[in-house]
Structure formats: structure tokens, C-alpha cells
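Before anything else, here is the set of structures, which you'll find just below.
Okay, so subunit A shows up in both of these, paired with subunit B first and subunit C after.
And then the complex of A and B:
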């Protein structure tokens, strides 16, 4: 039993690492723009398909494909903001309308992918199927270890970027009070563009790791953004570190949950958590600390 | 052949108009962006089919489908009564996911991902509606009742209170109106008709599975309401005709089904994006969504 729990905990950590990459980008964009960019999930999957096209279809070298995937996905996120969201925001559109727009973007891209690549799963055969490493009585593959490491490095990096660099400070200023930031001369539209760029870069990275670890299919985007979003809500949606924390909780809870529930309910657990948190603590766990203060 | 096909499209138009009208009551008149509306539609479909296939008469099943959907609509708005705007929308989305995973995982009741096939056509007191023309008349009858009822509701003092709540909930509370109770009523009515539409849909198509009531499908119904204009019943009717005919054209030019499926969704989402960017009030809309 204890080895099962250890295995499930490891799986939860791997899942949590991926979700935290999705959630950190999502909440970075939310904190500076104040609307929910649901199409973020489809950027993740799009990155998987770009990598698939470059590496498996065209046959570029692996590292070149990864690099171009990251560049393309960052630019796609940036362009979505430029063409759809910023014109809407200039017209002072409400966040409900922006939410509808982002859901329709999600559906649009998902179906475009399905149109070009088909509804089936695509597999990127970069890593041979290998026997995982034994870790006490549980197994973990090299790629899973790499996933956890990359995600932790990026999360720490993002944290340092937000706290120490001047760009990061400008981002936090816009996220705290946009009007005030405008008054002191921070170019808030530049900051918004930048948050889309960085957020979509993180989404691209998540997409690459997912497509190597499992495989990609068009409908995965919806599922992933729900996980990332749930992680962000549980932690505290407008704080990047809190949403990373929440994502690990989601990864662990849904994997440990199947020790007690039928595995079909794995998805339902996180949906249920999302619903509960939106009802009782829509501001997330991060607000607990603030309340104590 | 063409005539048969036209009847098929008109039946779909009828069912989706009922669905769009009921969403417009929640979204347009009460300001509740209910992303779980398709789930309520699905709950109605499953309730009616499961009861009917257990041997309950159709008349009872369709009434039950409305009541069960209304109950779920009530549960949704009861638990989320304090949320507004996009937080309400996202809670309803979470609700939609919970419903979806229940439909998918309660295999002993819903048969899970396999879905339910061989759904019988409705029979009303030993009169079985077999041909599509009679079914069309049956659907149009329902549509007529819905339209009359809804236009009465939105013109009544209750409808005006709903619009007041949408525009300024706080002031209405200060005036001593119980806005929670208004929300319960409007969502229950909206869900009741979504459930009826679900029952009509399931017994017409003859097959249901959980994916037919998932996030992909919400985009169609939201497009209809927003293209027609929020808080405009006439707009919802016109927009349903336009959008359903437009998407059925794809099937008409003999594209393979692997293109028709995604192609439709692409059309809906592009229409929705364009209308949001160029003409956010839609065809007949009177107000902007807050």
C-alpha cells in the first residue's frame, strides 16, 4: 500500500509540474489583464502539434524544433492579444464578453487543429520507451524527472523575474493598480503584451513536455486549461506563486484520489474541487494569509 | 428529398430556438452567463430517455425532464447566488464539467461514453409520432407555447424586475426586492425549457452520449443568443434560423464528415468573434452585456 501511495504521489508531482506551467502563464496573463484567457489551454496543445510538425513530419533536428516551437507559441499568444483582446479592451468591453471571446478562440483553434491533423492522437517518437528508474518501490522515468526539474526551475525563475527585475516590477505594478501604474509612466499596454508573450512561452513549454510524455490530441486543450485554471483558483488566481502551489495540490489530489475512487472519477475530482472553491473561496488559498495579517 | 431535408432542418431550428430562448432568459434578461446551459439540455435529454425506456409514458417523461432540469438549474443558481459576472460564468462551467463527468462515469445508469441508442419516438396516448412532418408540427407547437409564455414573462412586472436586477442588483436590493429569489425563479424557468428542448432533441435524433452536451456545444447556443442580441426574443428566433441553416449548408455541399464536424464549430466561433468585435449588440439587441 505504501509503495502504491508513493507511486501515486510521484505521478501527482509530475502532473502538478505540467499543470503549474499552464497555471503560471494563465495567472500571469490574468493578473495584468484582468480577464480569463481560456484559449491559453489550446496554445499548449498547439505547441505540441507544432513540435510534431517540425520534428516528426518535416524532420528538423530535435533541439531546433523545440526552440522554434517555443518562439512560435509565444508569438501566437502575442498575436491573439493584439488582434482580438486589445481591440476589445480598447472598447471597454466587460470581462464577461472577453471570457466569451476566449472560449470561442479555444473552440476555434481546437477545431482548426482537428481539421488539419485529424481527431486522433499524435505521438512524437523522440524518447524510446524505456524502463523507468526504481525509486524505492515506485518507478519514475527520466523524462518525468526532467519535467519536474524544468518546471521547478522555471517557477523559481519566474518568481525571481517578478520580484527582482524592473520589467517584473512593472508587471506587478500594473497587476496591483493599472491606473496608478499609468500615472507613474509605466506603459501598461507594453506590459500586457509582454505578459502574453511570457505566458504563451510557458504554455509552449508545457505543450512540449506533454507531447513528449504522453501524446497530443485536439481536445486536450480544454482539459488542460481547466486543470491549470483550477490550480490557479485554488491557489489564488491573480498571484503566480499561489497558482503554482494550487496546481501541485490539484496534481496530487487527483492522483491520490484514485487510490480511493474508481479511476474514471479522476477528472471529476478536480472539476468538483473547482466548483467548491469558486463557491466558497473564489479568491483562493492565498487570501488566507492576507486575512491573518 | 429536398423537402425531407428541409423538414429535418426546421425541426432542429424549432428545438434550438426553444433552447436559445431559454438561455436568453438567463443571459439576456437576468444577466447570468450560464455556461452550463447545454448541460441542463443534456440532463433533460437523459431524464426523458431513461424514464421513457423504463416504460414511463412519453408525456410523463417530457414533463419530468423539464422538472429535473429546473431542479438542477435551481441547485446551480442556489449554490452560486453570490457570484456575479465572469465568476458566475466560470462556476457554471465547473458545474457543466461535473455534470459531464457524472454522465460519463455513472455507467450503470447512463451507459457512459457508449451513449444510449434506439431511443423510441414519442407516443402520446397510443398515437406514435413516426414521420418527421408530424414531429415538426409537434415541435412547433412547443415553440409556440414557449414564445407566448416568454413574451408574457418578459413584459410582466417579474420580467422588468429581472432586467432591473441585471442592470443594478444592489439598487434593487436596497429597494427591498429579494434578488436571490428572482434568480431562482428565472433560472428554474430557463432550465425547465432547456430540459424540454433536450427531451424533444433526444427523441428526435434517437441517440445521445455525454459529448453531445459538452463545452463544444455551448458555443453554438451562445452564438445564437449573442448574434440575435441579448434580451431580444425576436433576435433569438431569427439568429437560430440563420445559424442553423448556415451550418447545415456545409453538409449540403457533400463534404466528408471529418470536415463537417470541425467546420461547423469553426463557423460558429468565427461568427461569435466577429459579432463581439464589430457589433456587440447583435441584430436586435438593446443592451450591452456587463
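And then the complex of A and C:
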């Protein structure tokens, strides 16, 4: 039983790492912009396909492809904000309209990708699939270890960035009270652009890791953004560290949960958790800490 | 350092602001009132912006319409009028979404049959259902009420077919599926036909195949939907009645790509064989990769849903054994290659036969759904997927073949 639990915990950590990359970008953008950017999933899919085109179709070197994928994804996120969201926000559009716009973007891009690349599953043939490393009867692949490490480094990095650097402080100021931030001379539109840039960079990274670990298909983003969103809500959507924490919880709970329940319940477990939180703690786990204070 | 000192200044500034907050808020109130007036003014002059917005909307619509038409092959504005003698046939299947490769294969089979039949008075209307029950219901309502079809080829996934079968039955519209294999469809209605045998047969065939290879401990990984659940039930029942033991049954949601926890449970049960029942290529590829990553030694079997190009392309699935319905006569396989430049895809031969069955009925003068049904009941011909003769439930009996994946191609294996 213990080896099973160890394996399931590892599975949960890998899933949680990927969810947290999506969730951190999502909640970073939410906290500065105050609307749900579901088109964040688009960046994940696009990153997979950009990497696929550069590495598998054109044949650039792997590291060059990864680097340009990251740059392109960050810019696409930035451009989505500039061309779609900012004009809408300038008209003081309500956040519901922005939410609908972001969902339509998600659907639009999914279909465009399918138009260009077809519906089939694509495989980025970089890593030879072989048996993972084994310890205490649990297996984990090198890529999965790298995924966990990258995700933890980024999470810590993001935390330090938000707490210590001036840009991070400006971001928190905008997230806390945009009007007050404007009054003290923080350029809130610059901060918003930056949050899209960084958030999309993280989504791009998630897309790369996912496409290496699993495969690339037009429908990969929707599932991830749903899980990322769930993680963010459980942790506390307007706080980046909290949503990272929430994503790990989702990853662990859904994987450990089906050790005892039939595996058909996997998705049900995370959505059940989402429901509970929406009903009783819509502010997420972050609200607990605040209350103690 | 410079930054931090600036930041420090900023923080103290924020504190000061806090102290004098009341004053500012009072100022702000006036400002807000001014702003409201300004906004009202701007909105009055907003003609230019509105035009830009309308422009954006129009461009977006054009892109959407283009995307829609090219994905579904539908004309949105094309109302072709009702020809006096025209018979309309609907097509329902996933042309987008993760099962789209099956949908497109079936569409190709149907198009080939339409071309070969040389029928001038038949028009096919294509609808995308994404293998989703709800989408299928709106598609069939459109096909029946607006397009006035007499027969429908589809749906592809069993779940979607079962969702719409009562609607077809009620409206006396013939439905003929080339790929829905759930045992439930046998009793779905008098107007529901299929050119692919029920999984009652494939489950039995698969169970015997595994058992005859001397493997006694089987685990089953199946998609949590009509197709997977139906097949799994038959497979388990037959394998256990032969004397084998099903040691693990794990399901997954269609399209999910993280199956590690299901596989962890399977690995713990130490099976000699794993049977994957999936009609989602996304999930199938992920399952095969993760079986290898987790070092599961069991022999891997798969249902016909795994016999696709994506699976063949993965380098992880060597020696995968697949049970499949007929892949078509050699002549058809060759014709498919010639016309589409593609190796034969699953369900294309069955799709060809589905249309041909309808074509034969139409050639015999059938026009309405009930006329076509009567013709189909007594129809018998030798198709590209085998002999087509519908029993009283609209099912065909069929034979299965066993394929093994060797060096990226599926080769017929004799067991």
C-alpha cells in the first residue's frame, strides 16, 4: 500500500505542477485585471503547436524552438490583451462581457488550430519514451522530475518577484486597489500588460511541458484551463501563491482520491471540491489566513 | 539598490496617502462627478468607435463563418431548393473535437460511395456533432426539421447515436451508423441500423483472443462512456466465463491525457494483459506512453478505436495487438489510398457500405424514411467490409481481424 501511495503522491505532484503553471498565470492576470481570462488556455495550446511546428515540422534545434515558443507565447498573450481586452476595458465593459470574449477566443483559436493542423494528435518526438526511474517501487520519468523542479522554481521565483521587486509591488498595488495605485503614480496599464506577458510566459511553459510529456491536440487547453481555474479558486483566485497552493491540492486530491474510489470519479472529485469552495469559501483558502490575521 | 530605495520612497508615500485618504476621497467625489459628465459627452461622440467595433465584429464573423464552413463542409447561406426528385441524406459525426479523425474517415468513405454510386438526385448534408449527445440532438433536429432528410448516416460514437436514436425513430427517419458498436444500439429502434457488428461480438472475440494466448489475469482500461462501458461489460463477462480473471477495471474520461493513477492501480494488480477500450486518440496515445513510462510489463491489447494513424506513429506501442472489424477489401484499401493519399482508416469501409445500402434502397425507388427502412430490411449485398444483411434489429453479423503494430504499421496477424 505504501508504494501505491508514494506513486499516487508523485502522480499528484506532477499533475499539480502543471496545473499550478496554468493557475499562477491565470490568477496573476485576474488579480491585476479583475476578469477571468479563459483564453489563457489558448496560449497553452498555441505553445504546444508552435513548438511542434518549429521543432518537428521545420526542424530547428530543440532549445531554439523552446526559447522562441516562450517568446511567441508571451507576445501572443500580450497582443490578445492589447487588441481585444484593452479596447473593451477602455469602454468600461463589464467583466462578464470580457469573460464571454475570452471564452469565444478560446473556441475561436481551437478551431483555427484545427483548421491549420487537423484534429489528430501530434507528437513532439524529442524525448524517447522509456521506463522512468524507479525508487521504492514508484516510477517517475526524468521529464516529470524536471517539470516538478521547474514549476517549484518558478513558483518561488514568482513569489519573490511579487514580494520583493518594485514591479511586483506595483502589481500587488494594482491588484489591491487600482484607483489608489493610479493616484500614487503607478502606471496601471503598464502593469496589466506586464501581467499578461508574465502570465502567458508561464502558460507557454506549461504548454511546452505538457506537449513533451503527453501530446499536442487542439483540445488540450480546455481541460487544463478548467483544472487551473479550479486550483486557482480553491487557493484563492486573487493571490498568486494561494492559487499555486490550490493547484497542488487539486492534483494531489484527485490522484489520491481514486486510490480508494473507482477511477471514473477522478474529474468528479476536483469539481466536487470546487463546488464546496464556491459554496462555503468563495475566497478560497487564502481567506482563511486573512481571517486569522 | 536604486530600485529598492525608490520603492521605499513609494511605500512611505503610500502611507502618507493613507493618512490623507479622507481628503483625497472627498476630492475624488467631485472628480467622479466630473468624469460622469465627461463620459456622457464621449459617449455622444462615440460614432467613430462604434464603427471600428462593427468592423471588428464583421471581420470576426467572416472568420467564424469560414471556420465553420471549412470544418463542417456546410454552406450557411446555400439554400438549394427542394428538387422534385431529390433525396436528402444527413451525415452526423465528429468533424471537430478529439474524435474528428474518425468522423473525417467516415465522411471520406461516404463521399467515395456517393461518387461511385453515380446517383444524381442525392444530396448529403454534413453536420458536426463532436461525439457529444447534446450537439447530436441539435444536429438531428436541424437535419429532420429544416433539411427534411429521409435518412441519416451516423452518429459515430455510440453515446451520440443512442442520444438521437429516439428522435430518428419518432420521425421515421432511417439512421445507419458505420461505427457505433455499443450493444445497447441493438434495441435502439426499428429505424436504427448499422454496418458494424455489435461489441457483443467483439467483446467475445477479444476475450477468446486473450485467453487463447494463455493469459489469465486481465486488466481493462476503458473510456467512461457508452462505447467503453458496453464493451467492457461484454469483455469481462466472456473472459470470466472462459475461466480467466479480470483483476482491475479502471475508467477514464474521454480525452483525458493523465492516466497515471489509473495505471498505478492496474500495475498494482499485476495483470498479464491490459485491454484498452478507447475511442479518443488523445487518451489512447497518452495511455500507451504512460504504460511504457511506468514500466508495466503486461501485453497490451486494444479495441478497434486504437487502429489509427496517431497510434501507429507513436513509437511506444510496438507489439500492440488490436482486434478490429474488417479494414475493407484489398481493392477498397487501394482505392482509398489512390483517392485520398492515405492508408485506410478505421470505419471508412463501413461508411462506404452504409451509403451503399441507402443508395441501393434509393435506386429501388425508396424516397421517404419508411420506404428506405422497408428496403433495408430485405437488403442483402456483398460490401467492401463484408456481407451486409441486416437482422431484425438492424445489426449485421461480422467477422473480426487481429492486427499487430510492427514498425509503425498495422499488420494482419494470424492467431
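Methods note: the second predicted complex is superposed on the first by the 293 of 293 C-alpha atoms of A that agree within 3 Å, B and C clash if a C-alpha of one lies under 4 Å from a C-alpha of the other, contacts with A are read in each partner's own complex, and residues count from 1 in each chain.
Just so it is clear, contacts are C-beta pairs under 8 Å (C-beta built on N, C-alpha and C of every residue); 3 or more make two chains touch, one makes a residue touch a chain.
Since this is a predicted model, take the numbers as computed values, not measurements.
When the two complexes are overlaid on subunit A, subunit B and subunit C occupy overlapping space and clash.
In the superposition on chain A, A:264 makes contact with both subunit B and subunit C.
In the superposed pair of complexes, A:139 makes contact with subunit C only, with no contact to subunit B.
Touch criterion not met for A:33: it reaches neither subunit B nor subunit C.
Legend: residue contacts after superposition of the two complexes on their common chain; A:4 is shown touching subunit C, with no touch to subunit B.
By the document's definition of touching, of the two partners only subunit C reaches A:215; subunit B does not.
Applying the stated contact rule after C-alpha superposition, one finds that A:112 touches each of subunit B and subunit C.
Of the two partner chains, subunit B is the only one touched by A:99; subunit C is not.
91, 108, 111-112, 114-115, 118-119, 262, 264, 267 are the residues of subunit A that lie in the contact sets of both subunit B and subunit C, per the superposition on chain A. Those residues of subunit A whose C-beta lies close enough to touch subunit B in the complex are 35-36, 84, 87-88, 91, 93-97, 99-101, 103-105, 107-108, 110-112, 114-115, 118-119, 222, 226, 229, 233, 262, 264-265, 267-268, 271-272, 274-275, 278-279, 282. Touching subunit A in their complex are the following residues of subunit B: 33, 35, 79-80, 83, 85-87, 89-91, 94-95, 97-98, 100-102, 104-105, 107, 112, 215-216, 218-219, 222-223, 226, 258-259, 261-263, 265-266, 268-270, 272-273, 276-277, 280, 288-290.
Residue ranges of subunit A in contact with subunit C, taken from their complex: 4, 7-8, 11, 14-15, 91-92, 108, 111-112, 114-115, 118-121, 123, 125, 128-132, 134, 139, 141, 165-166, 169, 173, 179-180, 183-184, 214-215, 217-220, 223, 254-255, 258-259, 262-264, 266-267. On subunit C, the positions that touch subunit A within their shared complex are 3-4, 6-7, 10-11, 13-14, 17, 24, 28, 39, 49, 60, 63-64, 67, 70-71, 96-98, 100-101, 104, 224, 250-253, 255-258, 260-262, 264-265, 268, 281-282, 285-286, 289, 292-295, 309-310, 313-316.
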